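Listed after this line are the structures, all set down as structure tokens.
Common to both upcoming complexes is chain A, partnered first by chain B, then by chain C.
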Partner chain A sequence: MQRKISPVAQKAVAHYIAESERLNQACDNESLKQIREQAQALLKQQGFPTQRDENWQYTRLTNFVQKHFEVKPASKITSEQLHKFMPDFAVTKVVFVDGWFNESLSDDLAALPKGVSFESLQDTFDIAGDTSALFSSESEITKEPFGVLNSLLLADGFYLQLSANAHLELPLFVLNIQTEGQHMSNLRNRIELADNAELTLIERYVTLETSTQDNDSMACTNVVTEVNLAKHTRFKQVVMQEQDDNAFYFNNQYIYQDDSSSCMSFYGSMGSQLSRHQNHIFMNGEHIESQQNSACLAKDKQTVDSRTDTQHNDVWGNSQQLHKYVLTDHAVGVFNGMIRVDQKAQKTDGQMDNKNLLLSDTAKMDTKPQLEIYADDVKCSHGSASGQIDKNQIFYLQARGIRRADAIKMITHAFLLEPVEVINNAAIRQWVTARLSAGLASVQKKVRE
Partner chain B sequence: MLLKVENLQAEIDEKQILKGLNIEVKPGEVHAIMGPNGAGKSTLANVLSGRDDYEVTEGHVTFDGEDLLELDAEDRARKGLFLAFQYPVEIPGVSNKLFMQTALNAVREERGLPALDMFDFDEFAKAKIELLDMRADLLERSVNVGFSGGEKKRNDIFQMALLEPKLCILDETDSGLDIDALRVVANGVNALRSAERSFIVVTHYQRLLDYIKPDHVHVLYNGQIVKSGGFELVHELEENGYDEIIQQFENKNQ
Partner chain C sequence: MANPAIITELQPQGIQESGQYQEIDDLLSKNQHYKEGFVTTTSVETFDKGINEEVVRAISAKKNEPEWMLDFRLKAFAHWKTLKEPHWAKAEYTPLDYQDYSYYSAPECGSCAGQCSTEGGTEDSIENEIDPEVAKAFAELGVPIAGDDANVAVDAIFDSISVSTTKREDLAELGIIFCSFSEAVQDYPEMVQKYIGTVVPYHDNYFAALNSAVASDGTFVYIPEGVHCPIDLSTYFRINEAKTGQFERTILIADKGSYVSYLEGCSAPVRDTYQLHAAVVEVIVHEDAEVKYSTVQNWYPGDDDCTGGILNFVTKRGLCEGKNSKLSWTQAETGSAITWKYPSCILKGDNAIGEFYSVALTNRRQQADTGTKMIHIGKNTRSTIISKGLSAGKSDNTYRGQVKILPSAEGARNFTQCDSMLIGDQCGAHTFPYIEVENPTAQIEHEATTSRIGEDQLFYCKQRGISEQDAISMIVNGFCKEVFSELPLEFAQEAEELLAISLEGSVG
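Right, the complex of A and B next:
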């Protein structure tokens, strides 16, 4: 069905189609060209979502549509400039600048252990003849508007394969740096874990220099990551979104799980004027474990949107979720969680909890936890609670000599950091805790002023 | 005089609860405040500890030479006033250890003492846990989360032991406790008694007082102290209930 698209959105559509055509002119890979062309047709037809679309009611794209982000070559940066973004524990480092893989800033990925292969998607497109196998979930991805945009501008990302029983000694740390305004970092990642492989992945999204309120400095990151987890695989993922407060961030993750695989995905969100992180989990086997936690912090006029769609498609699946938001000033938080239990998925255990702390009278939370159950022998629950700090808690701490401001800080920290406990690796957990604590400290400084 | 309360009047939601209350507590004394439900017992405990839901409309309170009502709740605590809660609050995610270390260092700062680091704190806390015969894992858990009623009250007594206050106010600490838990709480209180430290034990029942044996007993009714006496008053109340005292008071006021 042809939608009515506003003139402003029409301009944005025309811009992105021109960008896509420009990329196609310089491209020899036929299957890639085809993917982009299909996306062009979809974008022309659909435009961008508006508040009339149920899934975008609270996540306004007005600002996004007015900007016309471009896929440009990456800026040059030095390894010294990277230093402050690196964690304090040993990792294998992968660096993307403005959406492009940077080999010289990354660790030597040819030296990864046997059975582990890392390629940039751009290299994969250049070398291989037929890359259509890379696009197995295209029909799923293009159900999402930013999936369409991602396919339209598809150029780089990474393709990581672990063969049976393979694992990396160190966590893989993928640093995504935005350097310039007007830039679209368009990333498409694909991860494949063969039977019994194990991977710990950390993704961090940052801006090189914190910009002023200058419009020209805004940049956008749009990620699509596809993860295929074969039998008995173990996948642990931490995503930290800490871009500049002017930036935009969109991320759609498609995680396909086979029998007895386990997945833990943590999302920490602090940056960007508008961020939207979506997990699409397909539990397509027996005895699957799937855990999704998030800790979201927003201030000023930030909008932080995190959503999960968890499909239990087979028996004995276990999914656990805890999503926490701390909002202040005029921030808007959006949570949407769906657990679907197929008729076949008996003995499912699906738990989803969303809790939100509003530190100002003007912050707003929109939350929609949902269950759709077609099997009869399942244990599922979902819940959501939003509110201010319990004044009895504050008084209890005050009555022990702790200053009111410090009491609020302690309670807020504890609240936001609960989802972090899902991270087993102590070094990673402490690093995430430190990141979120720093974010809270800056929010609380503002609250006090 | 450690605490001097004169003509204290206080209200909550524009309803007057305390209607001119007087009490004096010297260092080392243990006072019990008894009374029927709704007499204003918990209000007194909360007003003295600085909960801002209550508004003081009249009267003066001097604590250790200072105007208590001018101080914020946290400053009252830092200067040595301690409230054991009727309902200790659960704070998910905040470890008891972090909470108590922060509180202890706040109080130490007030006393001009250096802050205790994690190791010194552990040692200090361990001694108190032994003194009170409590479980050692107490510190590792989130504040009161998943604690039984008795454990919550014991945790409060443990905090009292750590902070070494000058005046301890126990707000119906005995409510909901079985006899074993009651004994632990009472033993804790008795272990902390000293020539300098005073107690105000607010309670509805005499059970706890049999263990603590207060020096002074006051009956609170309708926002005022209507009768004061020694420990023998506890047993008088036990036998006759509050009705007789209330009747005497009402007759006198007619």
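Right, the complex of A and C next:
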């Protein structure tokens, strides 16, 4: 179906297709070329979504379409510059600069335990002949407009494999740094866990130097991550999005789960003018556990969008979600959650909660928690609540001698940090708590001023 | 912040569930139990199939309409032609061939050849003119068109025209206008002109445009200032002819400080093709006024193989214009092959209240996509949504609702509860709420649960000597109680019976 595409969007489409063709000319991996060409055709046909599209009704791409981000080579940075982005606990560090893997800044990956293999996707493309196996879920990915864009500019990312029973002692810390303005960091990651493997992954998205309101410094990150979890695997993931307030952030995660696997994914969002984080979870086995939590904080004119699509496809699945938003100034929060229960998926237990705190008169929250259920013996519910801080709660604290400003701070903190509690590694939990608290403090300082 | 999550606990149950449904399936495959499915044979005047400007003009001419009404129709028709049939609802059907429907059909009554309603005669003369076959049909349906029921005034609509409106004189003494839409166009043109299209403009959506173009008949109600309408007003819709569409337009105006309870019922004969029903209802509620709008929808739902049935594509909307106004929609939806209906409230006046109570039951291959919209504009506006969905057989039941709080709606409150119950493992229950909040002082709560009848609940009842069917029926009625208690007494009874009949075989 040919869609009507506005002239502005058409320019953007032409730009990205030219970028893609440029990448293809310098490339001699046939299957990769093919993937890009497929995506070119799709983008030409679809253009970019507008507000008329059901899934983009609340998330405006107007600003994004006006910018033409380029895929530039990575700039050089030193390990000192990285220091401030590192957590205070021991991790295995992997660094991507502007979407390109940086081997010298990363820890020695040859020293990873037996059964764990980490390669940059670029290397994989260069070495391996036929890489078509890497694109097993391409048809699913290209259903998303930013999945199409990701395939179009596909160049680097990581390919992580854990063989059966493999286990990483330290959390894997993937640091993604934006250094260049007008740049598109395009990442495609693939994670495969064989039976009974276990992985803790932390992803952090930052900008090297926080810029002023300068347009040239604006950058974009577009990530697609595929996670394949075999039987009895345990996967824990923390994603912290702290790019500068001019940036754009798009992330589509596709998580395929097999029997008795467990997945915990936490998303913390503070940066970017427009961020959109989407989880697509396919629970294709029995007795699967899946937990998705998010804590989102937005100020000024930020738009923060977090989406989940959880597909229960087999019996005895358990999915839990808690999403919390704190919005101030002119911020816009968007939540969209879907729990789909297949006819086969009896005994499903699905719970989705979304709670939102609006701290200013001009903040806006759009939420759409959805259920689509085709099985009868299930326990599914969703709840959503939006509002300001309950006056009684403030009064209660004030009555105990706590000043009003502190009372508001305490309540807001407690509100936003609830989803963090699912992280059971104490060091990681404290680190995430500290990050979010710092974000909250800067917002509240502004509110008080 | 309120805690919105409530979970209906379900006990894990045994393995022999196929056995449990066997009985239900067996019964489902039996008869339809649609007792309203008879056909009335009478001499009728039906327009040829098809729609074009000539047809629109002809309908207007048939009704002796003034120039402005024809203009309204033509404008709507011109706009309709530019639109595409929407298919976003969670219902599957092949696009309709609009040329395959007739857009006007009326029983001919010897003396005045179908014009009796437009002539606006007195009640007696109308009664005399009613086609005996039509009168028989309504008698069979239990609709008191002769005005012999003391508690209710009825406007009976048969295909495209209103055949009788009872108790008009009693009501007129109070200043209440209760007549068919066509009569209102003749008798109160300035009033119709003032209000038509103000709540649902002709360009609102595809079916509203179609309705505006070919609007057949409907009811017009005006309650003057400070009048508490002593009896329930009611309209009964009957589609009789095959391959016709019914496009009624209802306008209800409640002036300052007035109160009215309005009821709506409907049915259609069993036909093997889809029939189209695209109504528009506009309700205007002024300061301190209250309107209770109840619907028991029992259109023919089609048979087991998904042939036939009514496509019920309705636009219902109320505007709470004045301060402290209140509009309450209550609906019991048991019929129609496809229902697509979102009775909405625009809460414009300060302290206005909007309510929506709904029970939607789908069985066999019915598809229902229904819900509401609550648009909060005024300060301290409140809305409550209670929606109970029951799916059985191979049906799909969807709740789709929007709650929108605009920046001006200081202190708005909304509470939404959508509960779904699945009866059998072939059906689906879906919830798609849209919540948009632009004012931080608003408090919005939404909760939804999906469950089925618990094994332990059934066991408990059976243990006390209640048969399984009765037990299921009891549990289902309990599930819907919150909504039924909002319906006027007779209607609540009717709705309960309907529920039992519609579920007959599957539960009770």
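The working rule: the second predicted complex is superposed on the first by the 449 of 449 C-alpha atoms of A that agree within 3 Å, B and C clash if a C-alpha of one lies under 4 Å from a C-alpha of the other, contacts with A are read in each partner's own complex, and residues count from 1 in each chain.
Note that in this section contacts are C-beta pairs under 8 Å (C-beta built on N, C-alpha and C of every residue); 3 or more make two chains touch, one makes a residue touch a chain.
What you see is a predicted model; the values in this text were computed from it and never measured.
Visitor: Considering only touches as defined above, state whether A:42 meets chain B (first), chain C (second), both or neither.
Guide: neither
Visitor: Quick one: is A:396 in contact with chain B, with chain C, with both, or with neither? Answer first, second, both or neither.
Guide: first
Visitor: Counting only touches as set out at the top, which of chain B and chain C does A:418 meet: first, second, both, neither?
Guide: first
Visitor: Regarding the shared-chain residue A:17, is it in contact with chain B (first), chain C (second), both, or neither?
Guide: In the superposed model, A:17 contacts neither chain B nor chain C.
Visitor: Between chain B and chain C, which makes contact with more of the residues in chain A?
Guide: C
Visitor: Is A:427 touching anything from chain B or chain C once the two structures are fitted on A? First, second, both or neither.
Guide: neither
Visitor: After lining up the shared chain so the two structures overlap, which partner does A:410 touch, if you call chain B first and chain C second: first, second, both or neither?
Guide: Touch status of A:410: first partner only.
Visitor: Counting contacts the way the document defines them, which residues of chain A are shared by the two interfaces, the one with chain B and the one with chain C?
Guide: 390, 415
Visitor: Show which residues of chain B lie in contact with chain A when the two form their complex.
Guide: Chain B reaches chain A through residues 49-52, 72-74, 77-78, 82-83, 85, 88-89, 91-94, 98-100, 102-103, 106-107, 110, 142-143, 159, 163.
Visitor: Any idea which chain C residues touch chain A in the complex?
Guide: 1-10, 12-13, 17, 88, 407, 420, 422-452
Visitor: Once bound in the complex, which stretches of chain A touch chain C?
Guide: Residues in contact with chain C: 54, 58, 343, 346-347, 351, 353, 355-390, 415.
Visitor: Along chain A, where are the residues that touch chain B in the complex?
Guide: It is residues 390, 392-393, 395-404, 406, 410-411, 413-415, 417-418 of chain A that touch chain B.
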